[in-house]
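The data blocks that follow each hold one structure.
Note that subunit A is present in both complexes that follow, paired respectively with subunit B and with subunit C.
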Partner chain A sequence: MAIESDVLVIGGGLAGLTSALSAARSGADVRLVSYKQSTLRNASGLVDILGYTPNGEGPLTDPYDAIPDLPSEHPYKTVGLETVRESMELFDEVTPQYRGSHTDTNALLPTHGGTIKPTARYPAGASAGVASDSRDVLLVGLESMTDFNAEHAAAHLDAAGVPFDVRGETIRFPGELRADAKVTRYAKMLDTNSEVTVRGRKKPVREAIAELVNTEIENESRVGFPAVLGDDHTAEIRQELGEKIGADVFEVPMGPPSLPGLRLEDRLFEALDEAGGMFETGNPVEDFEAEDGHIEHVLVEKNGAMVPYSADEFVLATGGLVGKGINSDREGVFEPIFDCHIDHSEDRYDWFDTEAFGDHPFASFGVTTDDRLRPLDGSGDLEFENLRAAGSVLGGYDFAAEKSGSGVSIATGYEAGNHAATEAQ
Partner chain B sequence: MASVPHIAVIGGGSTGIGIARDLSMRGVDVTLVEQGNLTHGTTGRMHGLLHSGGRYAVADQKSATECIEENRVLRDIASHCVEMTGGLFVKRPEDTEEYFQKKLEGCKECGIPAEVVSREEARQMEPHLAKDIDKAITVPDGAIDPFRLVVANAASAKEHGARIETHTKVTDLLVEDDEVVGIEVEHASGAGKHVHGVEGGTEEIYADYVVNATGAWAGRIGDMAGVDIEVRPSKGVMTIMNIRQVDTVINRCKPKGDADIVVPHETTAILGTTDEEVDDPEDYPEKQWEVDHMIDTLSELVPMLEDARTIRSFWGVRPLYEPPNVGSDDPTDITRDYFLLDHDERDNLQGMTSIVGGKFTTYRMMGEEISDHVCEKFGIDAECRTADVPLPGSEDFSVLRDYMDEFGLRSPIGRRSVERLGSRADEVLKTDGPNPTVCECEGVTRAEVQDAIDQSGSDLNAVRIRTRSSMGNCQGGFCCHRMANELYGEYDELTTREAWDELLQERWKGQRHALWGQQLSQAMLNYAMHAATQNRDNDPADGTPIDFSAFDNGQAVTTGDDAGATDVATDGGQHGD
Partner chain C sequence: MSDAESNIDPADGTDFQPTAPNTGEEFEPVDVFPDSDDFDLRPGSDSCYKCSTCDTNCPVAEVDDEFPGPKFQGPEQWRLKQADGEHTIDDSVMDCSNCLRCDSACPSGVPLGQMHNTARGEYVSEELNTFSIEYIRNRILANYRTSAWLASKFPRTSSFMMNFGPVRWMMDKVLKVPKERDFPEFATETFQEWWAKQGGATGSRERAREVRERRGEPVDADKKVAYFHGCYSNYNTPEVAKALVNVYEYFGYEVVVPEQKCSGTPMFANGMLADARRHAEVNVSSMSDLVDQGYDAVASCTSCSLALRQEYPELFDIDGIEEVSDNTFESVEYLRIHEDLKGEIEAAEVDGELAAEFGYHAPCHARNQGLERQAVELFGDLEGAEMEDVGDSCSGISGTYGWKSEKYEKSMKIAEDMFEHMEEGTESEVGMTECPTCAMQMEHGTGYDIRHPLELLEAALIEEN
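So, the complex of A and B:
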């Protein structure tokens, strides 16, 4: 018997999860299939809506203000300002661990690169670090962690003109960790509050860390650590450290593997489960069958067999170049599952700018859609009547330059999921 | 003339640095100046082949004989820079038997050990060779790290008292009465190690003799004294693959041709190359067809290259020279031999000799010849010792020790560190603190990066070439900021930020020629990490000041299951301004 559902979402990142969630909450029978770990593990866990305009103006104080002036091909223009707001309401509702919903104004958050970036929502764990708070900060680095040098980050924040005094100190993480220990290893020790030996005496690791920080802290009322403060018990760890140190504790978002990104992914899968959505991970969608511009089913590879998954409506949320929802070879750029049209120059030397942070066309590669997020072919006709696209697989915006990745995924995921649910019922 | 003459050497590539080492070992005072980093010119832009001489065994037997001699010397004095991979000249069915036989005989005539192997034997050695090749000739080709070799030569020259100035550009030759008496230079950042943001300045360096070892740039130095040096720069592309598809150097056995060699180098394989004359060694077109040509043509020898991932491409400029009366049209016909141009004999300009042409593999021999020439002028009777005394890092280094326990390094990283450092491993890796990995692709640890910073100042590109950090598959995506983190402390934040941005820009430069498939995906990930997460493209520290009070200060966040900041200040963030 074929596997059937009203809506089938392909992709388990922020766009796919939001899309499945919004379709499920609209009452549709939803199934999400994803292949590999999503790109959320690469993301800082900060949820940006819009930090800079496509012309590089910013940091923007109010992301919503700038949306009406975006170019027409921008996904925010496709879904419209009201949808962006509604989608953020859904996000806020399902992620009580996030902050920033009390205002339309962007926050400026320090990151491990040592500078600050504008963002619309931030994990509670990062909230005591906002740069517009004027309390002094002590950043604490870990000697073995090459990704974050607290003294360097502090000096860099100071150069960025933050309105507080900031200092960095480096400690050696207590316990017998290898020099190359992964962030998950630190997190695990903190989650379980493992015993470590300090100068011959055994004590819980959280206490040992607090003692080390207490020898360094002066009168700072905020203390920032790299984002390794637990995976399952992050709030509890922060609170305990905060009480022992006598300051608000926060995490500085980091690059991959990013615990805040993974925590967000976990939370959204949980929310999808609560909303009654089905999901399965680990098997790729390899092919599909369609008739008269209508997709009948996709074929999922399972242990070498091709299993058909049929649905009324399909959502393509497979990601961009990083997530491999968009792929390329020496001849061109393509969308690998449905071969949806991707607008690009035939000369691959037109795909990039010569400056590292120039205006890179490749950053905006993706499918073009109608106003209901359905991919269009090269002549502007629908590829399929029952396929919608969401997230980074969409073209027309450079999320890295704009700092708009999460917001576009949430807004287009929400819209695609809603439309799909409506059409399917 | 002083009893110990002072010689100025211009050019910090393999030739110049080889001369500096040789002369300083003979007790001569040497100052070497280089406009960029060491290896900034052609030396840093080659495929890393340690020639057996096989490539020249038919058409240029003098060069071939020199190559095999120097091949043996370098294996001895520079063991930590050389990997003896062996090489194959592979004949495909469409390549002529006649040329195959000529190659074999030529090798024998030049003293290059060469044996014929059957298709089956060749494919046992290299399983990814095409199924339809005919046969092959084995030769002792190898891979050599040009950066490591030049840095080791520089270290040796310094030990013998030489002064080495990088980021120091010659702006003029000092000429008095038809004699070159020195050079005028401009330091990018003051004498000594290169440090960003340190005021540079000009300096007149008087010398008893000047050696122009600037390769493809030799004509520019000649112009400063009004002498013509007709270097014919010829560009060649090299494309780096993400893995070693082959462990042996693979040459195509046919007369001349583009895209006829694959050199395994560290974790990568390098495809080469083209040969096209250019007007300007610093400004020439880099074209897509050249990269495509490498992949398409070399796939005839190694079919898996067709769909393999390339991580970047780069171009180098050969400093070819031919005497004025030859007049070859095609740069592939120009000899690879080197020429010593004594401007006194040639142009009635005393006090300077230029050395042009030649190959990386014979850099030491060129250094020896020009050092002999200089010593003769000053009546110095000193033996050349560069062929006998191992380079720093290659002394007493017969067995790779297991450093894993000793230095707490994971085994593959320990092995690679020790291979790079050679006999300096003890000195560099013994540190007090933990020694985490900075560059995972290339297995480079903090201790190595710190050692390179000690040697080269605040220039992270110089750290890169010394350690290979940021030169692997991710092309610096995951480690550029880590390298900057290592630099901070020794240098201040602004200096660090400038060095970091330079490194990012340099890493981007070569990747642009590999942007499709997985490497385009990697480039997008790098861009996202650097721009979206780190905000390196819009760093407020670089731009106009921000009004922090206009942004969310984290208030009204005390609801929910997970209380956040409390007791926030309410002045909107003007404290301290």
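So, the complex of A and C:
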């Protein structure tokens, strides 16, 4: 027998989770399978829709305004403007800890490198940091966290012309942490408000940090920390620090491994559970069996045994080049599970630009689909009638340059999940 | 290997010309390291792109300021050791609890479990003094099977003595086994003794044939499993092993209980690879004979199934080891694949002491096999029982880890979230997990009674009939 469901989603990142969520909320019996952990844990936790046009214009004020003018192969054009809006409503509904839904306009958030990123949604923890606010900012770095140099980030923000004064100071995180302590270690100490010893006296870590910041702060009314302020009790930690420092406290989103990304992942799995979706992680989908263009089941490899998982509809949300939903070797670029067609030059020296920040063709590699997100083969016919693709496995857009990664995953995930649920019922 | 390497001018190493292709044909990879009979950890190490996902999953690094985390213990340490002959394995490898969270998490498939086990084995054989208390204590803990075998000869006396205050005080002082822990009770009748009374394999074949006839299945259907019960369900919780037999026979399976020793899990975790190999040889030999005859292997302990499926082929080169690995399953998983378990459960109900709300904890080793939601999903449809997932934290005990005085506090700190979720999340004071030592920890921290999914399955499908 096979493990059964109406809809089987392959992939546990933002696209896979959104697609499983939307299918489950449409009443389908959904199962999500994911091999290992996804790149969502490396994401900043900022949820962008569109920051720049494909030819580099921006930062865009209103991402929705720019969608109608995107090239026809762009996933946003496939699903349409209305779907992008609907999908964001779903996202807003399941993530009460996110902000930005009050407006169509992009917010501008400072990054840990000191740049400004246009983004549609951001964690509540980052909200006091928005660059459109004119209140002065103190950025606080931690000596052992070399990923965030507060003075450097402040200088960059200043050079970018932010409408406030910004200063960076570095403190030593209280306690006996090792130099390369993990982000989860800082978060755990803050979550549990562990006791630390400062000059021979024991005190709770939140208090100890506030005391250190109070010796550095001048008249700034906002204080930004690297995003390590807890995992389970972030709001409480920010509030307590804020009260003790006498300023609004915010987190600056960081690079991988990223607690805001991890918190978003946790929340979406929780939402999927609440919606009645099933999920399991740890084993890869390695193969499938199909008849007349209809996938009967996929085969999940469990330590050498191939176990069939059957469904009426399948969603491919395995990620792009980093997430390994798309792979390449010296011969070509391929999609490893179903071998869906991926348009690319035969000469692999055409896959990239010689400039590091040039216009790299590989950045847009991915599957092409019909208007219902079903992958097409090289001659434009359906690969399978019951397979849909969502997220970075799709081609036709460069999420890194456009700042559209999250939005495309949410919109196409939502659409693929909805279609799959409708077809399955 | 990238072709960029062959473009590098050895004189200055900077002559990389991506626009001047050096196409595949003439490319010959260079063998950097000499041939060796050891498992090659290089491809795994090369796959690491330092995203640190492993580090964010490590329950020890979250509470321990000394522990450098899995990225160092695995790929980085391996690479350091290739650089020169001076680096020895860092002693922090003994602070790894072998929960394998890193191994389950890695998006690049780096075999962190294999790397940790190999490093720990090397550390213990080359750095640890075999006359030290640590070595002696670890060896005793790792060879639990031997102690349990001895104790099972005098189960009542052993259960008493092992929890007798002065004895425990001595053990704490001399062997560094924490006195806070309660030793598990030894069963007055082991599973093997019970099994012999049931007529062993012959009895099971007869019963299974009757069931198949009653279920309208072919009497000679190929439904046979070899049960790897492990030490704990033999000596301490035979009710779990009996439940397995009853449930499998209910579905018409013939059960055999082959000759077996410890799976090796506690030995891997203590770096006692020679001990583990000795036991593995026995297990693989008897299991592979049965696999050849068409049996599949099932285990009720998720660490045992993990050892047979994954750790064996990663660490040992024994005849038949791949066949055993490919054909081993966790016991409920196997039924899910081959029977309409969902349908059976939807039609059933439980009453009596197992009609409860269970606080379910997924053992890390079950998670590694993709089974973290199996019990919650399955029993969600069972009338009379409710399942509450108590979160994704590690239980902290990790087999023998929490049985060491210097690790006890750490072990309890790791478990804080789980204890909290158990107490807040459930009304009835009863928990569920597949792993015997997670069960010990759950009981230790909350006083809850902890049951195995097979026991609930047995109550749902059989006892009411």
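We take it that the second predicted complex is superposed on the first by the 425 of 425 C-alpha atoms of A that agree within 3 Å, B and C clash if a C-alpha of one lies under 4 Å from a C-alpha of the other, contacts with A are read in each partner's own complex, and residues count from 1 in each chain.
The criterion applied here is as follows: a residue touches a chain if its C-beta (ideal position, glycine included) is under 8 Å from a C-beta of that chain, and two chains touch if they have at least 3 such contacts.
What you see is a predicted model; the values in this text were computed from it and never measured.
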{"item": "First, second, both or neither for A:Y349, with subunit B first and subunit C second", "value": "both"}
{"item": "Which superposed partner A:V140 touches (first subunit B, second subunit C, both, neither)", "value": "neither"}
{"item": "First, second, both or neither for A:T61, with subunit B first and subunit C second", "value": "first"}
{"item": "Which superposed partner A:C340 touches (first subunit B, second subunit C, both, neither)", "value": "neither"}
{"item": "First, second, both or neither for A:V298, with subunit B first and subunit C second", "value": "neither"}
{"item": "Contacts of A:P256 with subunit B and subunit C, given as first, second, both or neither", "value": "both"}
{"item": "First (subunit B), second (subunit C), both or neither touched by A:D180", "value": "both"}
{"item": "Subunit B versus subunit C as contact partner of A:R330, first or second or both or neither", "value": "both"}
{"item": "Partner chain(s) touched by A:T111 [first = subunit B, second = subunit C, both, neither]", "value": "first"}
{"item": "In the superposition, subunit B vs subunit C on subunit A residues touched", "value": "B"}
{"item": "Subunit B and subunit C footprints on subunit A, overlapping residues", "value": "42, 178, 180, 256, 324, 330, 347, 349, 352, 354"}
{"item": "Subunit A contact footprint on subunit C (complex, rising order)", "value": "3, 18-19, 21, 24, 51-53, 55-58, 61-63, 65-66, 68-69, 72, 104-109, 309-310, 322, 325-329, 333, 336-340, 342, 367-374, 377, 389, 416"}
{"item": "Of all residues in subunit A, those that touch subunit B in their complex", "value": "42-44, 48, 51-52, 56, 58-59, 61, 96-97, 99-100, 102-103, 105-108, 111-118, 124, 127-128, 130-135, 143-149, 151-152, 155-156, 158-165, 172, 178-180, 221-222, 235, 248, 250, 253-256, 320-322, 324, 327-330, 347-349, 351-352, 354-357, 360, 362-363, 399-401, 403, 405"}
{"item": "Complex contact set, residues of subunit B against subunit A", "value": "288, 292, 295, 408, 410, 433-438, 446, 478-479, 481-482, 484-486, 488-489, 492-494, 496-497, 504-505, 507-508, 512, 515-517, 520-521, 523-525, 527-541, 545-546, 548-557, 560-569, 571-577"}
{"item": "Touching residues on subunit A, where the partner in the complex is subunit C", "value": "1, 3-4, 36-39, 41-42, 175-178, 180-185, 188, 192, 256-257, 262, 273, 278-283, 300, 302-305, 307, 323-324, 330, 347, 349, 352, 354"}
